[in-house]
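Written below as structure tokens is the structure these notes are about.
Each chain gets a letter, A, B and C, in the order it is written, and its residues are counted from 1.
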Amino acid sequence: MDVRSQISMLFHLDKCIGCHTCSIACKNIWTDRKGAEYMWWNNVETKPGTGYPTKWEDQNIYKGGWEKNGAKKISLKGSGKIKGLTNIFHNPNLPVIDDYYEPWTYKYLNLIESPKQDDQPTARPVSLITGEPIDIKSGPNWDDDLSGTPDYARKDPNLKNLSPAEQEAMFQLEKMAFFYLPRICNHCLNPACVASCPSGAIYKRGEDGVVLINQKVCRAWRMCVTACPYKKSYFNWSTGKSEKCILCYPRIEAGLAPACMHSCVGRIRYLGVLLYDADRIKDVAAADENSLIDSQLNIILDPFDEEVIKAAKANGVADSTIHAAQYSPVYKFVKTWGIGLPLHPEFRTLPMLFYVPPMLPVMASISDAKNKEQKEKLDPISKIWDDDWLYDTSTEELWGTIEQARFPLQYMANLFSAGDAEKIKQVMKKLMAVRIHRRSETVGDIDSDKTQTTLSEAGITSEMANDIFHLTALAKFDERFVIPPAHRELAMDMLENTGDVKGSSGFGFKEKPQRGI
Amino acid sequence: MNVISNYVIINVRFLLFAALIVISISQFTYPQTQGENIFKKTCIACHTIGRGRLVGPDLKDVDKKQSEDWIINFVKSSQRMIKSGDPDAVAIFNEFNKIIMPDQALTDAQIKDIIIYIKQQSTGSGQKTMTAELVHSSGMTLEFAGKDEILKGENLFIGNTRLMNRGPACISCHNVNYNNAPAGGLLALDLTNTFSKLSATGISAIISNPPFPVMNTAYKSHTITQDEAFYLVAFLQQVNHDSPNQKPVNSQSRFLLNGIIGTVILFGLFGGFWWNRKRKSVNQEIYKRQIKSI
Amino acid sequence: MDLLNNFLFIALPYVALTVFLVGTIYRYRGTKFKFSSLSSEFLERRKLFWGSVPFHWGIIILFFGHLIGFLFPKDVLAWNSEPVRLLILETSAFIFGISAFIGLFNLLLRRRTNSRIRAVTSWMDLIIEVIILVQIFIGLWIAFGYPWGSSWFAAVLSPYLTSIFTLNPQIDAISVLPLVIKLHISLAFLIVLLIPFSRLVHLLVPPLSYLWRPYQKVIWYWNRKRIRNPKSVWNITEPKNN
């Protein structure tokens, strides 16, 4: 048992309101620079939708992640030692700027410096790459809130094993539903970007599992961009270096939550330590498709287990880190309650960012209704409204609604459980049971027998339901972010004399990040 | 302490060091060589001192026949002098079958050293005259060289048989127009009719001690043996003899054609190997449809 | 003429090699961030394929061809002793030369015509591309006009290069070579000279260690086991990754 600690994240999707505050916070701190304009280390996608870059989940196009070949063998899909080095002069699967969007700004000066004329002056959009005027064809979140559905949402790769009828149902105007999927780097346990980097610039920090790119070693071989199935490694076209989310490690080391999490309006984000067994990563990554999730969750160890604590200490995990692991909100969601699932586990990178799947679009169902009477009352224009359905939000027969949800469970399964709808259903049942339990507690219009049945069917106790409710709805800052001390007193590089670098370049980066000649 | 200024200091140190290296190296560039050494290295293939004419004239008492300046100029570039119409130079050129004496990259001082050496040697007497005739180690003379010897010479020339001291085959730089011999190099002279110009003595002298700097370098530590020289001369004699019956072959255009065909095939391989590359951006379809719908 | 030869074949090589050595070491130590291949595939990929691929494969094979001719002249001559093998060697080198030439020509064209690529083009990029293009052209000219280069390179230029590296330059032979060959040699040293000042530094950091390193890479900032052991001596170690 090789116990290591990993800072991991949990996003509660039911709480996400799609405000993009996280993206802006991240952009302001890290990527508001030349060459990084198009980078969104944190982005929020509308699902169903094609995401960013367009269709990133379609690995037939981008060849990201690992693929299983053989009983206990996996290999990188689009890179690796042989493929990576033969493709080094021209990476055949690299996403290009047009798969994202061409960054632009406006010539605002035109508005105030324009001479007197008959027409209104306009601020023409100009490309941030070439400086020439461009026609804006797309931008980040071009498909936000299902805009451009025929082009974007309908081409969502997650629709793949849904029947045509199911797909059609999702896009009927009256039945349409969507939710938001905020994404940052998953800081995977089996990162494809690290494995694909020919120069060895990308590495996982042993102490907290943050995956970083050493900017001085990166040589622009571009393999990480292909290899990351989540497309969270971005190529800076100006400096010729790849960049990615750094989980705000300078903030984490200082005990602060990452900027995206700190600024989250919906408070959907949780951050905490998980202890895991590094010896088993290989087996888990090569597990069968249907046991992928279970085995991934299995290598996360119980931080209260004496054996685990002993092994962790022997392995150099600090006491404070073990303590933080015991209070980790992520551990509670993922292991204790079992309602957190990784995004696209089938890419086999063992992502360490978990999601609580959203209930909202599932809750209501569509039921057949011959609402002739209703129609009579409508004014003539609306009489062309000829559907026989009812948007039903009643709480009767709740289990039924999950199965007949207007948002197919299979779609959720394609996102969060490698296509296993049963897994999603279990999580949904738990979430539903919490709501029923809380309703019977606070409103009291559901009798306790029924509440008990639903709770036991979902496999949770009423205490658990209360805990879930508490951490979901009432949690304070310190409960959402349990950040272990970074022990910088042990990191010797931090002992450099601050006076030496004062006024010249500051900590860490002694050299201006400038494009080479 | 500013980090950048640190590097500047290191850089300056490096540059000084580099300059030192360059200066000390330039000391090597003007090696002082004795006249004798130079003569034996560069002149001896074509010239003797008091042993009769070879490819070029006997240099005995050359210092008495011509002025020192004249000799220096002629050694440096005989062609320039001939073109400028110097009567002596033209006379010598015509006398020796219009064989061009290669320009020598020697300094004035070095040429003077050679002249001094020639002076010393010219006064000496009692030396035997050099055997001018080329003889095989078995005692065979060129007149008796038959098919076998010619074939051996051909094999040596085109490289099928390697030279004993591992020098490059003649074909690397020389071409001959002869039956099935593959196209030779064009860096140096075409040797098809050399035999008639230089005769066996001249050729063997050049082979055994090449006066041409390029050839000299190539065979400096890979000398051609006397027997090999014999076979080669025999071969060149045959080549010269047969030359009126040979059709010229344009091997260069064939080489170019092969290269172009090969390139086309190579590009085909590139295209085929990476056939499944992502050719356009994913958004392109969307843009196209949107523009159409406007 | 003497002076020029001395300059081109003695002074220039030593200046070039010294500047190359000092320059790259300085640049690697001082501005490591700027060591990058500066790929522009992200901005334009379609035309890049027919430029980068033929150019790089061509130039790599030619480079190693020249290197082998320099380091193992005897083996090259032994290979060339069979005229058919000589012809195969020369023709394939010629093919890769044409491939590199067409590739680089496409790259240069792309660099001049694509506005996105123009935005990331420096003067040095253009200079270096033009010089290499001219160099490849001259190389093709030599292969065409002065066969069989593989043999005479091994016999004549290899001793010259050896003499350069043994600090005893012998330039008798090359100072009487045809002008194009002289130009080819001088341009080669000029390119060596320009390496530390251009993006060519990326050819010094080929990612070959990738072949024998394990796929995953974890870096610890401190020796985690040692640090928890009260009996071990406290020592200061810098993390290796920066």
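Couple of notes before you dig in:
Throughout what follows, a residue touches a chain if its C-beta (ideal position, glycine included) is under 8 Å from a C-beta of that chain, and two chains touch if they have at least 3 such contacts.
Note that this is a predicted model, so its numbers are computed, not measured.
With centres taken as mean C-alpha coordinates, the chain found closest to the middle of all protein C-alpha atoms is C. Interface comparison, A-B against A-C: more C-beta pairs in contact at A-C.
Centre to centre, using the average C-alpha position, chain B and chain C are separated by 28 Å. One inter-chain figure worth recording: chain A and chain B are separated by 70 Å, centre to centre, where each centre is the mean of the chain's CA atoms. Mean C-alpha position of chain A lies 43 Å from that of chain C.
Shared contact sites, meaning residues of chain A that touch two or more other chains, fall at 90, 94-96.
With touch defined as above, residues shared between interfaces to two or more other chains in chain B number as follows: 274, 277-278.
Touching two or more other chains at once are residues 30, 45, 49, 53, 57 of chain C. Remark: chain C residues 2, 5-6, 10-11, 14-15, 18-19, 22, 25-26, 29-30, 45-46, 49-50, 53-54, 57, 74, 77-78, 80-83, 86-87, 90-92, 94-99, 102, 144-148, 151-152, 154-156, 159-160, 167-178 touch chain B in the complex. Touching chain A in their complex are the following residues of chain C: 30-45, 48-49, 52-53, 55-57, 115-116, 118-120, 122, 124, 197-199, 201-202, 205, 207, 209-211, 213, 215-228, 236-239, 241-242. For chain A in complex with chain C, the touching residues are 76, 80-81, 84-85, 88-91, 94-97, 129-132, 190-191, 194-195, 197-200, 202-207, 214-222, 225, 235, 237-241, 313-318, 490-493, 495, 508, 511-517.
The residues of chain A lying in touch with chain B in their complex are 50, 53-55, 61-62, 87, 90, 92-96, 98-99, 101, 137-138, 148, 151-152, 500-501, 504-505, 510.
In the complex of the two chains, the chain B residues touching chain C come out as 7, 10-11, 14-15, 17-18, 21-22, 25-26, 28-29, 102-103, 105, 107, 158-160, 162, 166-169, 171-173, 182-187, 212-214, 216-220, 222, 251-252, 255-256, 258-260, 262-263, 266-267, 270, 274, 277-280.
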